[in-house]
Each structure stands twice: as C-alpha cells, then as structure tokens.
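These notes open a run of structures that come right after.
In what comes next, subunit A is part of two complexes: it sits with subunit B in the first one and with subunit C in the second one.
So, the complex of A and B:
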C-alpha cells in the first residue's frame, strides 16, 4: 500500500541494519584472508575499499555492473514474489543477447532504430524463453528449477556454437562477432567509460517492475499467489496463469539484460560466455532486497561496489585471484545467511540484542 | 499435603515481544484431576509446553516433589515422569497400536524386538487403566477417540506419573468424551495425576477436582470444582459477564441452494461422500453435524468450487454450479468462510487491505484497466475495519500480524462485506476468543436475516445447536439424520448419530430435510 505506516519504516530500518551488519562481518573476513595471503595487507585492503572510486573508468565499471545486477535482480524478484524458483535468467540473457546481436548485425543495425528494435527483440526472445519452463510446470507439472537450469545450458551452448560456427568473422578463429555498428551500441553518458545507457534502462526497469507489482491487479494477484497459493485458488485467482505470466515477464527482463550486455560499451559485440555468471548473482540481489523492486538497485549499488573492488584488488595487488573468489563467496554466504531465520538469531546473539519480530519483515508494502 | 508439581511465578516472553506467561502459578497435588482453563491466548499451552520441556521459562521455577527441576527438552520431562498428550497426535498410522506405544523404548530379546512382550505389556496397561484398546490393529484404522487413548498409553508406558492432556475433548464426540472421562478416573484411582487443559466449562466441572483459571498470561486463581458454577468460572475467564445467546431466524424464504445426488471422491478415487441430497432456503442456517472427516468439509469445498464433483448437481437459485469457476460462483452471490484461515482464508504476508479485496479484483470499484485504485482499496479496508471492529495497526499492516480472532474477522469482513445469497461457513470460531466469537455469531445471523442461505459446519456442537435452524448429521460420507432445531435437541442425541450408533427413520429424516 502507498500508506507509509510506521511499521514500514521500522522494517526498512531493520532490513538495512541487518544487511550492513553482514557487510561489516564480510569485510572483516576479507581482511583476515588478505592478512593471510598478502605481503602488503594494508594496501590490498585499501584497494578493496576504494579502488572503484579511483578513476572515471573504474566508476564506469562499477556503474555498468550495477545496471546489470539490477536487471538480473529484478528478473529474479518477479519470479520469487510469485514463489516460483525459476533459475532461468542466464538462459534468457543468452537468448536476448543473441537476438539483439542478430538485429544489430542486420541492416537495421546501421539505422537509428537499431537500439530500440534490438532491445525489443531481446525482450521477446527472453520472454519466450521464460515462458517455456512456466508452461511446462503449469501443463505437465515439470519442476521449474530443473527445466530452467537445463534451458540455461541449452541457451549458452547454442549461442556459443552459433558464434563459433556462423557469427564470428570467417577465418579469424575468434570466439566473438565483429563490433556492431556504432548506431547499435549504447551511447556513453561519460565519454570513454562504460557509464552508458544501461544504467538508465535499469532504473526505468526498476520503476516498471515496481509499478507492475504494486499498482496493477496482475501484480496484486501475483503477490497473493506467492504468499498463499491455496488462498489464491479459494479467492478465484487463476494461479497457473499468474505463474506462467510472471515467468514470462521476468524472462523479458532477462532478455533485456542480454541486450544491455551485448549492446553496452563493455562489449559492443556478441562473445562466448559473455555474462561471466553475473546473471546468477541476481539471486543474491533478490534475496537481500527481499524481492522488493525498489530495494534492488540499492542492493546492487552496494554489492556491485564490493564486487568491483574485489576484482580490482585481484588485478592491482598481490592477493591471489583465487582468494578474490573466496572473499566473494564468503560475502555472499554471510549476507544471504543473515536473512535466514537461524542466521537472524545468530546475528542478534552476536550483538546481544533480541531478535526482531519474525512477523515484521513482511509487514511493509 | 505437599503439592506434587508446582510452577512458581513463571514468565515467558516469545521473540517478537508476545508475553505468553507473566507470573503464572500452578500447584497440582498428587492424585487429582487439575483443570487449566482460559480463553485462547491466555497462556495455557505455553505453560504446558514449559512443564513438558518444549519451551524454557524466562523467569520462575518448577518444583517436582518439592525439588527444583528444569527440563531442557521433553526427554528430560519424560524421565521425571511427566507425559503429555497433544491435540494433534504423533502416531504412525501404518504401525499397529503396540508398535506405536513402545516405539523408541522397545522391549528387547537380545538385539531382537520382543513383540510378544510388547503386546503383553500394552494389553496389561490398557486393562489396568480401563482404556480398552486392542494392541494389534494399525492405528490408522482406529477412530479418533481410540487414537487418543493410544497416546495416553504411550505416556503410561513411559511411566508417566503426571499426564498432561491438551484440550483432549476438542476432537471427540460426546460419547467418546464420556469414555475418556472413565479412563481419566481410572488413572486417578490408581494414583496418577492428570492436568487437563480445556475451555468447555461443563466438561471441566464434571471431571476436575481443582481448577486454575488463566487470563492474559496470568493466573486469575485456583478454585475447587465443587465451589464454582459455569457462570462464575466464565466470568473469571473473561473478566466480565458474557452472554452467548443468538436470535433464531424469524422464518425462512425461498429455496436458495439445492444439492442433488452428490458424490465426491478423493484424488485417489476413494469415495468421500455419496447420495448427498439437501436443500437450504434463504434466511435459514443449516448446520452440518459430524465428527471431522465424515464429508462435511468436502461438501463445502465442492460447493465453493474447490473440489470437483464426481457425480450429482448443485443448484444456486436455479443455476447449476458444476461448470462455474470460483469467480463466477462468487458473482452469483456465494461467499465462503473456510475452515483454516491461515492455510486457506488469508494471505498472511499480504496487507489487511489487500486481503480484503482479494476476492473482488474484477470489481470496477477497485480495479480499472488493470490498475489498482489504491484509494478505494484503502477506503474499503478502513470502513470494514471499523464495521467489523478489527483490532489492527491499520490497513497497511500484514494480516499475519493480527491475533487469531482478528484474522478471522478479516475473513468474515471480506465475505460479508456484501450481502451473500449463499454463505458457506466452516469452523467460524475455532481458536477464537469469546468476545470475537460473540461478534462473529452476530455477523452470521445478520447475514442470515439479510436473506443469505447459510451452510454451517463446526466441530463445536454447542455452536451448531446455538446457531442452526435445521441440522443434518453426516456419518461416513452419508447423511444419516436430519432435525429441525429445538430446545429438546441435545448434543448427546446428535452424538449417537454422529457415531453411527442409531439411525433415523426415513420419514422424519425426509421431513427435516425439506
């Protein structure tokens, strides 16, 4: 509801506090890892904390990550709110990326229509790819977790094959297509950086998902199905329709992320394995944001910063790259576990305060 | 005589700030039946969980034989001779009675399970305490009353000196209650002590020696059963005088809903109910009587559109409901208060306002062009909260933050916000305190007076007798008796039909079915 009840502010405070607590602990663990592996721990830790702000270029890297993390977080938030556990965002990203690339490399790619048409094509491709596991679940009872994961492999391998065998420039042996025409690549907001149209798209998408979920009857039905499918059935809501449509719409946002990947300034072409598993990090974003679309970009901002800091630490200091992954995994583990019930108790115990009401987190909105 | 079991100034606050027990005192002497009574939410269950080691108290102490004890878990409580029988049994349905009883502490012969000794022991126990349970059949085939006695045997097998029975009569028919009481008296006669949690006062007065009354997490006092009356006990429980009386229907109107030759099956194909024929007129309440699991709940689900019909038809004002969706049925004027408000009646994570419009998302008042009218939704919530005096923080709070009684009021408010033509009601006041019960009853009779035909199912016979104009009795999926309600009709009479002990002649049944 739009009413800003006191309970809502309390919830927001509680949730933010919990996320920050987890963050501090994660940083402490990272510090330990750095102390154990680096000859100059001070410099390494400072790199982790400040590197993303060190230049326009690194800020561009950070913001580019934020845009992508926001989009994948939104896609996961939508299906999680409907209590579906479709893991298919990665497949949708590849399908979206493929179709965006096909448009960009077609004659349309050289016209001013290139960006909107390619984005639209990517969204349609992603939507279709999201629809499949939804339909399979509604019609045949197939587990959406399994089918969406399998569809991810199919999408990645098909796209990789198409790049290698057909789309890469002949005879070069490259595992990527040629650069798209400039008209098909997102314009930079800060010239010379990756700070491009992607972040604008992500923010518009955030608003769109929020609007869909909290201002339309479809969104209300979706959330009711997510909260209690038996209640939805009793209230006369067609839950299978809601379920399939939620996965389809989420697929469109996954596809859009594919377009942001390939058309963004980071790539500007279609390469093998281009998402670097970023699509899956949307699960973490959605969990920490409690699937609330307006919280997703905020979480992405913080998480993206750490992610970029860790990567830059790997490049600029002597902390071995394996340890970077370890630190990232620990951060994910801590942040995610502080949102589970036993985790909450543990954190509450660590800080000597009473656990917050179990009912409160769902109170807002 | 020194008390056997004492709880002294017990305090317990749950995470989230609910104060369940606040300075509770209980003193139970050996060889007595000690009843603990109170409204739902008075803290009875928490106290029992503390005595049985499921919860640990924040303050206070427990003394057994004058010595301070503390139980970290039920195992330790059992080792100290305390046994507990929960409302929801923990039995393995496919295991036989004796296997269930000895499970976890089996008599052994070397490393082999000594079945013969187990059977002998269980048989001896059941004879000694007049529990009359055959050790051999699988538990799943026994009626509820027998299953409960298996639970009692489990406790006795583990040498329970003190037996805690948590609302044991809630699931029983009147005759089974009598049998339970025979067993309880046999237990006491042989030196065991029984703590009996209940809220049906006549039963409490009949069986117990002493009564401790709880209200709002505190003990109000302890009294001798022979010194109090039902009224004085009720006043102690609620803290004020209460009157649960209902105005009967003035006269019924047109035929509203007719069920003809209805048959219902489970997904496995097993028949749940068959040959169901009944009529309900506008302006009357038809009570569906029966021990749970005899087809009443399934009939209501079928009418509401949540269960397919295997055969037969249901008419609402002349329209056959069979092919209609849930939403279409609601448009025809059907409303339904389901059995379990948390599992079925609400989305507890959604806000009160959202719950109150969930069934009317096709209504132009709340949704236009697919967009929610938040102002109208909020106004609707505010007016219903006011009209049904739902105690809440506001329309934006999650339904799950409400107490049981207020949650039920949200369900009732949603279903009765517009006058229904056919109202299905299942367990309207289960787990609801007396104040809310009074209010919900009034809401139901208002809907009836507004012209609704009401089908009411309840496990509480006094509720059915108080509200219904006619009653029909279900036994094993069939209608076995029908009555026009009158002051002469008693719970005992209904009970004999509920258990299949007597049968009604077809003539009087047909007369009451019209």
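So, the complex of A and C:
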C-alpha cells in the first residue's frame, strides 16, 4: 500500500472529514436528547465524552471493546466488499463462542494448547455458520439477508438452551458455565485490566484481512465481484464461488470473535446472551471504514470510546446507555448517504442566505 | 402425537393462528409494497418495534384507535425517513434499513425506560389498552353450523379483520388502479416510467411510507392484542420473518398472505407445543418459526430458480 500517492491521502482526508461531520451531527443530536431527558445533562454529557479515560480499568474496558469491534467490523467488511449483505456475524459469534467453550471445558482446556485449539474450533464453527447462507444463496438463490438473520436467532436459542440445560453447573440454576481453567483464558497484558490477548488477535486479523483482500488473487476477484458482478462474470471469475468463500471466511472471523468473547478476561466462561448486541455494531464500523480493513481498527478505536462512554453514562448517570443507538443510527445514515453535496449546498445556503435575511429586516427599518 | 393433532384441528388453535398471523400479515404486505417499488425494506422489524412502543404509550392516554393510528403514523414516519435518506441522499436502502433497526432496538429501550421511570424490560406498570375483539356470538343462532362458526370467527382482533380486507385492498390497488401500475413499473424497470413522465422517486417514497404504515399496524396488533403491553425486543424477528414471507409470496398480496399464514401456523405451534410436549426444551420450540422460514425460503428460491431455468431452456 503506497501511502505517498496524493489521491489516496485525499480520499482518506475526505472520508475522515465525512465521518467526523457525521459524528459531530450525531453528538449534537445526542446532546439534545440528553438535555431533554436528564436531570443533570452536564454531568451526563461529560461522562459520555470523558469517562473511558477515567481509570486504568475503564481504559481496559475500552480497549477490550475495540478488539471486539475490530473483529466484527472486519467480518462485515469482508462481506460488504463482495456486495453481500450477510448479517450473520451474531450467529457466528454464538457458534464460535460455543465451540471455544466446549474445547476450553474439555480435557484440552487444561493444557497449553487450550487457547489455539479453542480459537481454531471457534473459527471452524463460525466458518460453517457463514457458509450456510452463502451456499443457500449461490445454489438456490435464497436471500442471504433473511437466511443469515434467521440463523442468528437459531444460534442464540440453541446456545442459550445448551447453557441452561447442559453446560451450566448442575443444580445451581445459573445461566452461565463455570469459569474456564486459567490455561484457556487469554493472559492479561496489563495485569488487573481487560487489556488482554484479544487486541493483539484483532490487529493480526486486521492485517490478515488486508492481506487477503489486497495481496491475493482471491481478494482481487472478491473486490471485482463486489464492484461489478457482470464484469467479473465476463472476466471468467466464478462469482458464486467467490461469494460463498467470502461469506465463509467472514464467518471464520465471526467465530474468532466468539472465542475472543468467551476466552477474554471479560468473561472467561460462556454465558447466555453474552454478545450484548455488539456483533451488529460491526455494520457501523464497516460502513464508516468504507469496508477498508486497515481503517477498521481506527474506526473501532473511536467508536469503542463512544460506546464505553455510553456504558459508563448508563451506570453513573440517569441517562440510559441505549441512548447511544440514536448516535449509531445517525452515523450510519449520514455516512452511508452522499450527504456532502446537499450538505455543502445546505451550508452554502445557510451562510449565503443568513446575511441577506438578516439584512432584510434592517433594510426594512 | 394424537394430542398435537387434536390441538391443531381445534377452534382455539385456529384463533391462535389468526392472532399470530396478523402482525406478520401486515408487515408482509408492507414489505411487499416497498419490494414491488424496487426498495427491499429490511427495516420492517424496527418499524414494528417502534410502532408497538408508540401504540402502547399513546394507549395509556388515549382510546385504542388513536393508539393504533399513532403506531401507524410512527411507522409511516420511519418510512419517510428511509425514503429521504435512500432517495434524496442516495444511501443504500439496506444500510438505511439496518440503521432504522439499530435505532429501534436501542431507542425503544431508552424511550421505555423514560416512559416507565426506569424499567428497561417491560411496560407492565403502564395501564395500556388493548385492541377490542370482534364479538360475533350472534352467529350461534344459525342452526347446525352456528356454534362452529362462532368459535372460529368470534373473538379475533378488529385488526385481523382489517388485515383480510387489506390483502384485498392492496391487491386492488396494485393490479386495478393506475397508481398500482406505476408502482409496479417503477420496481420492474424504472427507466420506462421515468420516460413516461411518472415521478419515480415520489412513487418509491410513498411506497416506503405505506410500507412503514402497514408495518406499524402490525406492531400495534402485537403490543395491543397478542400481548398487552410492550416488552424489550418483543418483535423477536417477526419483521425479518415477514421479509421472508414477502420473498416467499411470489410478489403477490395473496402469496404474501399465504406465506404469512404458513409462518403464523408454525408460530402458533410454538405457542401451544410447550403445554403438550414438556420434554422438548422451550428454546428448541422457539426456533421453529426461524427454521421453517430458512427452509421455506431455500425451497421456494430453488423452485423459482428451476422455473426460470426451464423458461430459458424452452426459449432455446
């Protein structure tokens, strides 16, 4: 990737500008919502914007989120680059988490092999789960959007059932498994925080996806299929194979995220509904990053900060965490739309018209 | 097994099926209209969820029909929002749809906790109203078939009857009015209506608004009849199942109704089965509607693909 080319820098500048504009507009709306609903809006807004930096522990929480958001963002980027709207990351996370947990709780869990084997099992499970909607689309023409969403619900129900009925310690009525052995849990990089192996896995995965997309012929074909399927077909690329393989590889990263979830220091066990809807936030990451793998961690860093701020705002103030979904929706809407042109016109109109409209009453006086 | 058959062929099961089908039917009709205009509406789920919450909160302060109408208005406004971002700002319709879904999952919890004073799970402490059921007990007076008719037809939500009417209304609109022809033309091949001077973007925008309004009725039915009150994520994938019904229904209102009915039957099965088979875990029973949707979608897509291949073969 040559970083010297001026057009690339221009693209990066433009995209950053768009993302920042969207962020500012979204935060402005968030401020209005907070002003309308909170008894102490100042404290709430300040918590939203500064709380993640308040201690080592909260910074650990932030980085932990960044690792997870990066992985889900990568999984979505891969399918979006192939112009597939597979929404199955959540299901892959549950399947990956399940298989990672099964390995961690088996005899292998007590050996040093626990972490790599569990990660591999999770990736395989996720890949299979990503393959199903891809195959159903390529072979039968079934919409991948609907089938992948249905598979999400199925995965969540199956995993929740297995935890409740089989994996939770018998007789306790808990909705989670016992803690995995220490050998199966990611080691902490900074002791006492959640700053663990997950972030390194995320960075390696980022590089791997970039390499796959931009340095292999498979990646070139994938981007071609995503860009112009007809041209790709004429060029002799089997687009259905590329489609299925893109969804399968993305599934593997979704599964990997499952293993990062359950083996990370945040959990260290398999619990019901463990993903907390984080998997779907990869849509936002991928869109803002324009499905460019190298931009994904940067976006995840910024968005993870906001997300953690919202979590802490929910805990420390009277504004519920879910307020952040307004910000999410606005960012997606603004970044996905080509608002720069009408936006510029609007601003030009605002600034161009303001003086005249201000001047008009004066003239009348 | 016998017990299951007895249950399935009972009148109460039929009433349950009608109840579970109604929200799906409205959402599927909404999805059909926007799909025919060329915009796949993946936000049916979010529209239903927001409409359900709106209807519940309004019903605390106003009569039930005002609540239903406010749900419809909420859905229609979301449709207008999607139209604005998709048509004016050229955003991808699927991404816009998911933005609405994300707004709905978080936004409803946020609004719910504001409305109930901190409860993020249910609206149980809000005295919300229900959509009245239509009482047809006078049918019992008919000799011989009276009691059966009464047990089959009485006690459905007014909205269920409206749903049956809407299938006809949507069919009439799509296939018997000029505007329906415009709408189908815009979805089929936008360049032609464009050349004929039909405002393509306007037609799409209105079909998204109508789509949202219909999904809104579905949401109102869900929170004011199927369940009284709002619970977090109460649509539980129904919007996406309805989207499956649109794809399954061969782009025709009657087809969409039949598909919605199919999914409604399996959802009703998932409702009655826990009482009959307590050895099957509840989670497994809950997966039934989703499994059936995937399988039906694959099967139908396969058949449609085969039919297309046959047509191209016969041309050669």
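Heads up, the rule we're going with is that the second predicted complex is superposed on the first by the 315 of 365 C-alpha atoms of A that agree within 3 Å, B and C clash if a C-alpha of one lies under 4 Å from a C-alpha of the other, contacts with A are read in each partner's own complex, and residues count from 1 in each chain.
Assume a contact is a pair of C-beta atoms (placed from the backbone, for glycine too) under 8 Å apart; a residue touches a chain by one contact, two chains touch by 3 or more.
This is a predicted model, so every value here is computed, not measured.
Of the two partner chains placed by superposition, only subunit B is touched by A:220; subunit C is not. Shared-chain residue A:280: touches subunit C; no touch with subunit B. When both complexes are overlaid on chain A, the residue A:237 reaches subunit B alone and has no touch with subunit C.
In the superposition on chain A, A:228 contacts subunit B only, with no contact to subunit C.
In the superposed model, A:158 lies in contact with subunit C only, and not with subunit B.
Once the two complexes are overlaid on the shared chain, A:207 sits clear of subunit B and of subunit C alike. Once chain A of one complex is fitted onto chain A of the other, the partner contacts of A:147 are limited to subunit C, with no touch recorded for subunit B. On the subunit B side of its complex with subunit A, the touching residues are 15-17, 304-306, 325-327, 329-330, 336, 338, 343-351, 353-354, 358-359, 361, 366-367, 370-372, 374, 377-378, 393-398, 400-401.
Those residues of subunit C that touch subunit A in the shared complex are 40, 42, 85, 88-92, 94-96, 98-100, 102-103, 105-107, 109-110, 113-114, 120, 236-237, 240-241, 243-244, 247, 281-284, 286-287, 290-291, 293-294, 297-298, 301-302, 304-305.
Those residues of subunit A that touch subunit B in the shared complex are 1-3, 5-8, 214-221, 223-224, 227-228, 230-237, 354-360, 362-365.
Partner subunit C is touched in their complex by these residues of subunit A: 37, 85, 87, 136, 139-143, 145-147, 149-151, 153-154, 157-158, 160-161, 164-165, 277, 280-281, 283-284, 287, 320, 322-326, 328-330, 332-333, 336-339, 342.
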